[in-house]
Amino acid sequence: MTAPFRDITPAERARSTSFYEASARTRLELLLDAGSFVEFIGPEQREISPHLNIFDLPEQFDDGIVVGHGRLDGAPVFVAAQEGRFMGGAFGEVHGAKLTGLLRAAREIGRIPVLILFDTGGVRLQEANAGELAIAEIMRAVMEARAAGVKVIGLIGGRSGCYGGGGLIAGCCSALAVSEPGRIAVSGPEVIETNRGVEEFDSRDRALVWRTMGGKHRRLLGAADVFAHDNVQDFREAALALLDLVGPFGLERLKAEQERLADRLRRYGACLDAVDIWTAEGIAHAETVPELPADQFIALADRIGRTSRDAR
Amino acid sequence: MTLDDVLTSLFPDGHEVRNDKGVLLGSATLRSGASMLVLGVADRTALGVDEALRLSGQVLKSIDRGQGPILVLVDSDSQRMSKRDELLGLNEFLSHLAKVLIHADLNGRPTIGLLYGHSAAGALLATGLATRVLVGLPGAAPAVMDLPSMAKVTKLSMDALEEKAKSTPVFAPGLSNLAQMGAVHLTWSNTISLADQLEALLADMPAVQDRRDVLGKERGGRLKAAEIAERVRDLALQAY
Amino acid sequence: MEDFSFQHNVRARAGGTRQTAIVGVVASGNLEVLVERVLPDAECALDIKTAALGFGEVWRAVIGDFVERYSPGGLRFSINDGGARPDTVSLRLAQAVRLIAENGQ
Amino acid sequence: MTSWQNNRAARDARIAAGAGLAHGKIVESRDATRLLEAVIRPGDRVCLEGDNQKQADLLSRALLAVDLSRINDLHMVQSGVVLPEHLDLFDRGVAKRLDYAYSGPQSARIARMLFGGKIALGAVHTYLELFARYFIDLTPHVALIAAVSADREGNLFTGPNTEDTPTVVEATAFKDGVVIAQVNEIVDTVPRVDIPADRVHFIVKSDKPFFVEPLFTRDPSAITEGQILTAMLAIKGIYAPYGVQRLNHGIGFSTAAIELLLPTFGERLGLKGRIATHFALNPHPALIPAIESGWVRQIHSFGSEVGMEDYIRARSDVYFTGPDGSLRSNRAFCQTAGLYACDMFIGSTLQIDLQGNSSTITASRIAGFGGAPNMGADARGRRHPSEPWLRAGAESDPDGAALLRRGRKLVVQIGETFGDKNVPLFVEKLDAIELAEKLNLELAPIMIYGDDVTHIVTEEGVANLLLCRTAQEREQAIRGVAGYTDVGRRRDHSMVAQLRQRGVIRRPEDLGINPLDADRSLLAARSIKDLVRWSGGLYAPPSKFRNW
């Protein structure tokens, strides 16, 4: 894109591009095989939100999500990427419907996987009812697609994290990859603090936020199966690895998930802090986990071995 | 209507639905003699990891051993907002509940949600909005986002928000708004027997396909969703 | 929100073969620029929707300098602005021209 | 008989009055207010140590709680008015008169209180100026200071944030004043003695560590392309041609961008070792990549920065450290170093007028001066030559006799033409002048006077004011880099073109810089996490800057 990049390979460029920092479009461009991405309902179609003008707010031509198809190591994939900087990546009517339509097509075809690059604060306030319902439709569409044999992989490492209904959609996916700055939760830190007080949750204590909701904790809990370095190439490799790992969906998955979550409650339900959970998982000096470099952390997480594979 | 009123009117022949700290678990017998799994959230209880897991466990058990439709009663708070719930991965527990409900519905156990009180945000997604048909009762008061919180974030006055809410169902709380969006399929009457209305619904269940976007368009609440989803679907199908 | 439209006659057609390009995002202090090769070679047009009120003269000046410098003939620019500073606007416009000047679809 | 030791006797009486509350020198924190009531007299000049960073917060609260019938109308003489309690003192009537230097977070409230007559203002100073007056006409009767630890004799360890303490204690203790220190802990042996015990009269042990604000941490993830472009222009248009090795940086994002471009853009220009080797500077985390890449030889600091402790300790070749290994900072010395031993000051401001005067005062905010004017001023007492200094002097007076011609310090204002919320940096008339008129001040609060400014850098280009020969040229040179602000759009285009031909104004293309290359990928670190990585895990950023 700029002079320093002109003479390097796409993989090198993807490796040197922070997933956290990149735009939705850049993420897709670098995640997929070079030049393979084709967008559905691109910005030139100007399918903007019909609701933001009620609030005198600026629109974005793609309503904050880019959907389309491309190739990953030569194989076709459907992709959706949220732009976390536009309205916090939140789900509105148009934004959500693009993803719903993509998933419905994937279900009908049945063999082409879907990658969802989450970057969202959840429901878009200004169209809360439409956004909430869009999320419900997407959750349903993900499950119908999975039931039809489609693998749906979530990649989480954007600046808005994966909050609210986004967290629920992520929970419906076949597998997740997350990076250290990625966050997965339902209620945001500020929402908890506002509703329950700063004693319950100090949203400005960012170390607390990340060890409660961040990528490392989610990986150690087994909520995400792959921990990616914060660069697009690593997410690409994570997506490829997960596509290999994921098996067919069925009732036994849900039973295994029930057991997996029940086991989590039994083991860690009384823990007051992530450090307590990590200690209970058998990690020595658990308080140093946030400081561990990614490679060491990956080795640690692999050794602890908690995963949601075949149990989600 | 209170929970007892609702249950009595739904199941005049009796039911075995217990309310354990806001978590509803049990079953009831329909007039046809068939049994129905009944579960849900009552007393405006927040849906946290513990509640969600109990509910999903009940559905899974019923998938193994039972049959017939599943009824999800909803009078909840939002998801439980707490450090502990998020620490333990509340999103997984809520989506797991939604997933087992969707799975049941797709596999011969049609699901009906009955929203008779409050609900919001993640709790609504994991319960009522994860059923095939969501029914509202008059007096139900769902609120995806309450107006005071919204006023705070948008820095608009309550008056201004209420004024805007008159012209669009897209953001303000309320059953009729959600109905117009296509989220609530139908609103029952509370002056006639709920059992009759349930029976009528069961006799004429809509197809398993999610048509809420089409419904929203027909009702003038969501004019773009159905068309956009359909266009993306067509483009994606054309690509392969 | 405030809307502005500008039409300019320009010296030369913008280079490259791409038909459309988009740069930027709509966020506080940022903007998106959608550029499409849809006009006759000697014309260019810019449509702006901005969240920052009262900057009409600044836009006029920024656009004037941009058109003078890049001669973006044949291009229509559509801008959604979240209140970006003029230098950010100039930068995004230049980035948009550079992107559409690449060869490709 | 005339006594010549009245002050000493009065000091001894004050100490005796407080001694009843102390075991040795140590006073329980619950007795802090009673101690102050015993030692302080109405109308006293009191220095309540409020530094740029370190705050004697326990003693602030204790002073706020005094019995007004015993203590009132104090004259506060302190560099930083930073905590809400500092102003509560005036609201409550404990204090009446104020001489200070900096009021960062309280700038809006202090403005309201000045307008409301709650505060009788002496003057807003620069740091060195206030410190100087401590020794002439504003000597404190009582100093309330903060330290990390004390031993039982009263030797104090200030930790890395020594800041103003030695200066305050010097002025107070040696002129018959009383020194009261709050400390985080009392130990058998202090790690090093920053303040000797015989200058300290009472020690109050605080229940929790004194408040320190991380003021110098700029998150690289917030640096914009515009700031990167401006930083590139500064490096290539000023640092390189003058060969600036000894300098001070402001704390804004533009200078943080410069720090992060040194190991990338600067390296590519072959400037390593030729520029930016010696700093008068707080331990900016953003400088870590340049230090690790071998750019920086030495840094002396005004204060410290939260989270940099271990890094500094491990890089003692670069920083000034004590025998215990931790940073020793000293605001008075570092300000002096910035004034006399640096060839360049570069920093940002809120408003610049057509003469180049700048101010951070707006109609509703009085932020004070801090130290920028000390460094952002030509040192008339300077006598040692250096290449940048001589060259700047020659540019401003090309016809002067070389052996008699003073050099000039490079004083650079850097910023984007529009600031937050699209507020223009360039104005026809400074808000500071309006404020001075409203408050009937004899002097408008100017941060840096136009005749000291040598260069202005914006995203539009570099203006070299040394090369301007008339007031009119100077005005057009400023307008010529003022972008699309009203000031910029009212430029005389032909004159600006001429100035550009003469090299007074240099655009990005004149410097061989393509604005499209101003990309965040040029930053040596793009996040706080990157800085931690550069530091080999030694930098431990405060929680509010983390995203892990």
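The first chain written gets the first letter, and so on, giving A, B, C and D; residue counts start at 1 in each chain.
The criterion applied here is as follows: contacts are C-beta pairs under 8 Å (C-beta built on N, C-alpha and C of every residue); 3 or more make two chains touch, one makes a residue touch a chain.
Remember, it's a predicted structure, so these values are computed and weren't measured experimentally.
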item	value
Chain labels contacting chain A and also chain B	none
Chain ID, smallest distance between chain and overall C-alpha centroids	A
Selected pair, greater C-beta contact count between C-D and A-D	A-D
Distance from the mean Cα position of chain D to that of chain B, given in whole angstrom	58
Euclidean distance of C-alpha centroids - chain B vs chain C, Å	46
Length of the line joining the C-alpha centres of chain A and chain D, rounded to whole Å	43
Mean-CA-position distance for chain D and chain C (Å)	41
Chain contact graph, described as a line, ring, star, complete graph or other shape	other
Listing of all chain pairs that touch each other, if any do	A-B, A-C, A-D, C-D
List of chain D residues in touch with chain A within their complex	221, 514, 516-517, 519-522, 526-527, 529, 533, 537, 543-548
Touching residues (chain side chain A, partner chain D) in the complex	1-5, 16-18, 20-21, 180-181, 204-208, 210, 214-216, 230, 290-291, 293
Residues of chain B that touch chain A when the two form their complex	49-50, 53, 56-57, 60, 63, 79, 81-96, 98-100, 102-103, 106-107, 121-122, 124-126, 129-130, 144-145, 149-150, 153-154, 156, 164, 167-172, 177-178, 181-183, 210, 212-213, 216, 221-237, 239-240
Contact footprint of chain B on chain A as seen in their complex	38, 40-41, 47, 50-51, 54-55, 67, 69, 76, 78, 93-94, 96-98, 100-102, 104-106, 108-109, 112, 123, 125-137, 139-141, 143-144, 147, 164-165, 167-172, 184-187, 191-192, 194-196, 200-201, 212-213, 217-218, 221, 223, 251, 254-255, 257-258, 261-262, 264-265, 268-269, 271-274, 277, 308, 312
Residue numbers on chain A that touch chain C, as the complex places them	23, 25, 42-44, 46, 53, 56-62, 83, 85-86
